[in-house]
């Protein structure tokens, strides 16, 4: 184990898998960078967030492919290459850009296997940065997982820490289905212990970050650390919670959620997304449908408001669910009967 | 009142609003049709489902605009025309095609007003046919309302009958916000009483189709008639339900749902969409959060499975929630304690 | 016409297969036997076959909503296709795909596509694999004239040029995009616009198998020389409506009749090879008879085949659950 | 140079305003005063101003992520823009939009845009309104060289041609798309490819206000004659990184320095108008001083302006609730 940033962990996973399997390729805008520039250096970028840094040097431009600003063609490239036998890792830079590539994601890659009678496989990873926290405003800050988790045929993962980032990216690349891999941009520089050497973590299944008795707190991505902060504060008042890191939003680990709920009887869902038809809604619905007998109080959803992501520091801070709001929500759930 | 098909009702609304306001224009592929054809006739199509039939004759090709197969540009055309003062009604033919125009929908039209400080308005209607029922398979049968209702800034409506189709389309055109107007393709030929002359129906607010005491059944679109069939059968066994036609999925009429729930204590949601992060999930979540005190049994969601829409008659019939499944779900909810 | 007798007979057989398949679907559709949206390819056979006769299972094609012809030409089993279109459990896609989603990856057939412009970006991806293999294999996308206005297609063309891929963009100009003349939607001229992307364009008479076959030979020579992608543009017409049920108000009544009588791909093929004394008319007649019987049999077996059940509805969404 | 003294002074003032606005943002950004992603336009001023000097509030423009120059040139209030970029409640967009979403519909400014290729389809829609009015107004989209590869832009060009709209597509070639040379992503040559769409192309030296101004005059003459859309392509460079914070590894160290010293738009403008004895250097100096003071004052007022509160976060999602 070594302490690394999530950026380093992701980079390590790409090196690991590209060394292991010559069919793994990386495609996207500036995944290397520098082509046609006046300095003459390739790998001038290594991805806008530095996640693909260094790959060009080792694997060359047939496996690390810089592209024009043509997201439909980027995803199409991944789709066709996957059907023909490769394992492409496409980068979409910002999750918000799915809008210009959506058809290739939701009508093509997601449906190939089913429509084509089960004989095709589409082992594609689409990496995207997501989330608020950098004052990047309405078109560069969205969390896209609800929209994509709704699509049958896609798997969607949202790692919350560097170890998962490494292990789940490796697993996503090895997986035979299309995986949407969402990296929270405010977490790239966050640090954590990362297993050294070859490491693959399960792609599905939530993880119980800490256990308690008064409520079940289900969350994901950047919200995991915020919820943990809230939980730490509540522990001082003798309130303890099961804190579940979803890790994957498609599929959702219903079992762990329902089991925890059967012990705590109370549910708080913390989701950075807009509220409507969100993962928070889905989990609340699962509880209302399958965990009703356990529920002793109203479910509490903690989400962003039903507004675009605003720009100003003060606005974004109010927009993103923070530890205080989470703490208040847990108190509400625990007091509610 | 005259009995008309939903297709006729929609067509009437377009004539009504185009006559009333010269700023209303219609844009899309084959909304007129025939240009460049060997018969020389314009209005050869009037929309692939015939909804825009006859508009070309009265309003001409400056207001009824046939376009190339370029959906991003079609929606962009609507967006820019709206910002500059018109009231465009764009047709996307099949809701499934949002994938090639998604950015203009979710990053542009939905966010203009908010991002631009509240000074812009975007009075756009995007009409799309949606839903299964014609064996049109995975890329021509989807219901898109969950995905779009999640987007702040969009209003989303799903009329279930010809009167609403007419009145809500007129209201959508007069509305100053972008409205996604979803027409179920299996309902175009369905008939109902439609008010004659100028008619505008509220854009928001659910409607109570019938009232009962044992359960609240919330549904929308084509599912309204299926749920009504199920309700009719149950009435024979003395089970009666509040049947709520959502009409609008953004915003959702929480008030009516919660009020009904406070009387019945039981909730069944019937939604043709895939289950995850669906409108069914959202309504179940609303119940779990705000209607918990009323809930006397687990919420039951009746939805399509988490699969693409299959082609074959037998498969599609199983895929779409039918009256039998709805009936069983209501029985389950009523029996559940 | 430097093709062997075997090649010529095979090409004729394929064109006849497509024609009979389509004419029969037209009938089956009218009678209500077949569900869903069906877009018939009849009239354009020389294009699919003229191109695919050059390809092997290592080469890839992507197709369109009007895909039956491409599928058959690329080697998909017509019987399994018929079962698929009938929505049977033993159809090529287990009855889940239907007319618009027929695919057979083992044959290099990457799918018909319900989305106009959906195929070309995918074929560009397959071309990347061909390039990496370096075995001379290529990827071909088929598209109608109307599809050439879709942003995804423009992006695919530019991407293929940037990456210098062995990719051929085929545009089949059948005169219409749904109910609108193809010329209406293409603001400039398609050949010039395509060249502007840096794609050499090979043109062919889409009613003439030999013209298409030659253009494809030229296109292949270009891409196999490592010169990057190119385009092949051919005109033909569709004999039926845009979809089955289309009243075709946009079309003069005699347009198809005249073309059928004067330009028909099978007719011209037959005339050419018999007049050149390469093939006897009787040989072609025998193929016609054989295929007529085969199609009859496909329909019969499709009618008897089992309907798909719930396990087919629920499976193959994911590879592992 | 058939412009009046007033016009010339106004143009210089606008270019200076943009330059000082940008240079100051560069400083403010470094010090951490300004949040978010900031893409500076400095170096390209002659393009925005050379074009927008022809336009009135009845004309429309759409802009890009690198939008400050276009906004100022089109008449947005620089003080309110500064407040916006500082995230203030009284900013042009109430602090909700920031650098990438500045807009002012009353000025015909349809928005900067965080999505590459987001603007052109929107400007095509505005051109439809101009066409309907028939008053000679036009719509202009600005875009970088990299944006020209986005499918939405291709579609917009074709759509404008099909509908024969009064629409001008401006492509500003500043040498890079993020960290990649612009030439890499454009598979063929941009001028030829654009012409292939049926758009006449007017070319200009993007460092030279007068060259751009003339090209725009020609472009306007074309569209106002009802001949449909056209394009204007101009080369310049950006003086700063792609975004503030960009280490610019792709760029030779002296590239910008040399261009700044030899090609700078303000420098060349000044030289030209003073050498031609149209304007005295002192007049330009006075403008420089005035604008320096103005920008200083904008920053000072932005710093003191109120932060937005929760009601701003929650309002204006919809017009009626």
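Each chain gets a letter, A, B, C and D, in the order it is written, and its residues are counted from 1.
Here, a contact is a pair of C-beta atoms (placed from the backbone, for glycine too) under 8 Å apart; a residue touches a chain by one contact, two chains touch by 3 or more.
According to UniProt, the chain labels map to these proteins: A, B = Pyruvate dehydrogenase E1 component beta subunit; C, D = Pyruvate dehydrogenase E1 component alpha subunit.
Here the structure is a predicted model, which means the values were calculated and not measured.
S.K.: Using the touch definition up top, find the fewest steps from chain B to chain D.
M.R.: So the least number of steps between the two chains is 1.
S.K.: How many angstrom lie between the centres of chain A and chain C, each centre taken as the mean Cα position?
M.R.: Centres of chain A and chain C (C-alpha means) sit 40 Å apart.
S.K.: Round to the nearest whole Å and give the separation of the Cα centres of chain C and chain D.
M.R.: One centre to the other, that is 46 Å.
S.K.: Using the average of all C-alpha atoms in each chain as its centre, how far is it in Å between chain A and chain B?
M.R.: Their C-alpha centroids are separated by 31 Å.
S.K.: How many angstrom between the C-alpha centroids of chain C and chain B?
M.R.: 35
S.K.: Which residues belonging to chain C are in contact with no fewer than two other chains?
M.R.: Expected reply: 93, 96-97, 101, 113-115, 118, 149-152, 155, 158-159, 162, 184-187, 317.
S.K.: Name the residues of chain A that each touch 2 or more other chains.
M.R.: Touching at least two other chains: 67-68, 70-73, 96-97, 99-100, 103-104, 107, 111, 114-115, 137-139, 152-153, 305-308, 310.
S.K.: Just say which it is for the chain contacts: an open line, a closed ring, a star, complete, or other.
M.R.: Drawn as a graph, the chains make a fully connected set, so complete.
S.K.: Chain A touches which residues of chain D in the complex?
M.R.: Listed in rising order, the residues of chain D that touch chain A are 35-37, 87-88, 93, 95-101, 113-118, 146-147, 149-152, 175-187, 249-253, 255, 307-310, 312-314, 317.
S.K.: Where on chain D does chain C make contact in their complex?
M.R.: Chain D residues touching chain C: 149-152, 154-155, 157-162, 184-189, 192-198.
S.K.: Provide the residue numbers of chain A that touch chain B in the complex, in ascending order.
M.R.: 72, 96-100, 102-107, 110-111, 114-115, 137-139, 146-147, 149-153, 250, 252, 273-274, 276-282, 284-285, 287-290, 292-293, 295, 297-301, 305-308, 310, 336
S.K.: Within the complex, which stretch of chain B touches chain D?
M.R.: Within the complex, chain B contacts chain D at residues 25, 62, 65, 67-68, 70-86, 88, 103-104, 107-108, 112-121, 152-153, 155, 175-177, 251.
S.K.: Which of the residues in chain A come into contact with chain D in the complex?
M.R.: 29-30, 33-41, 44-45, 48, 66-73, 96-97, 99-100, 134-140, 305-308, 310-315, 318-319
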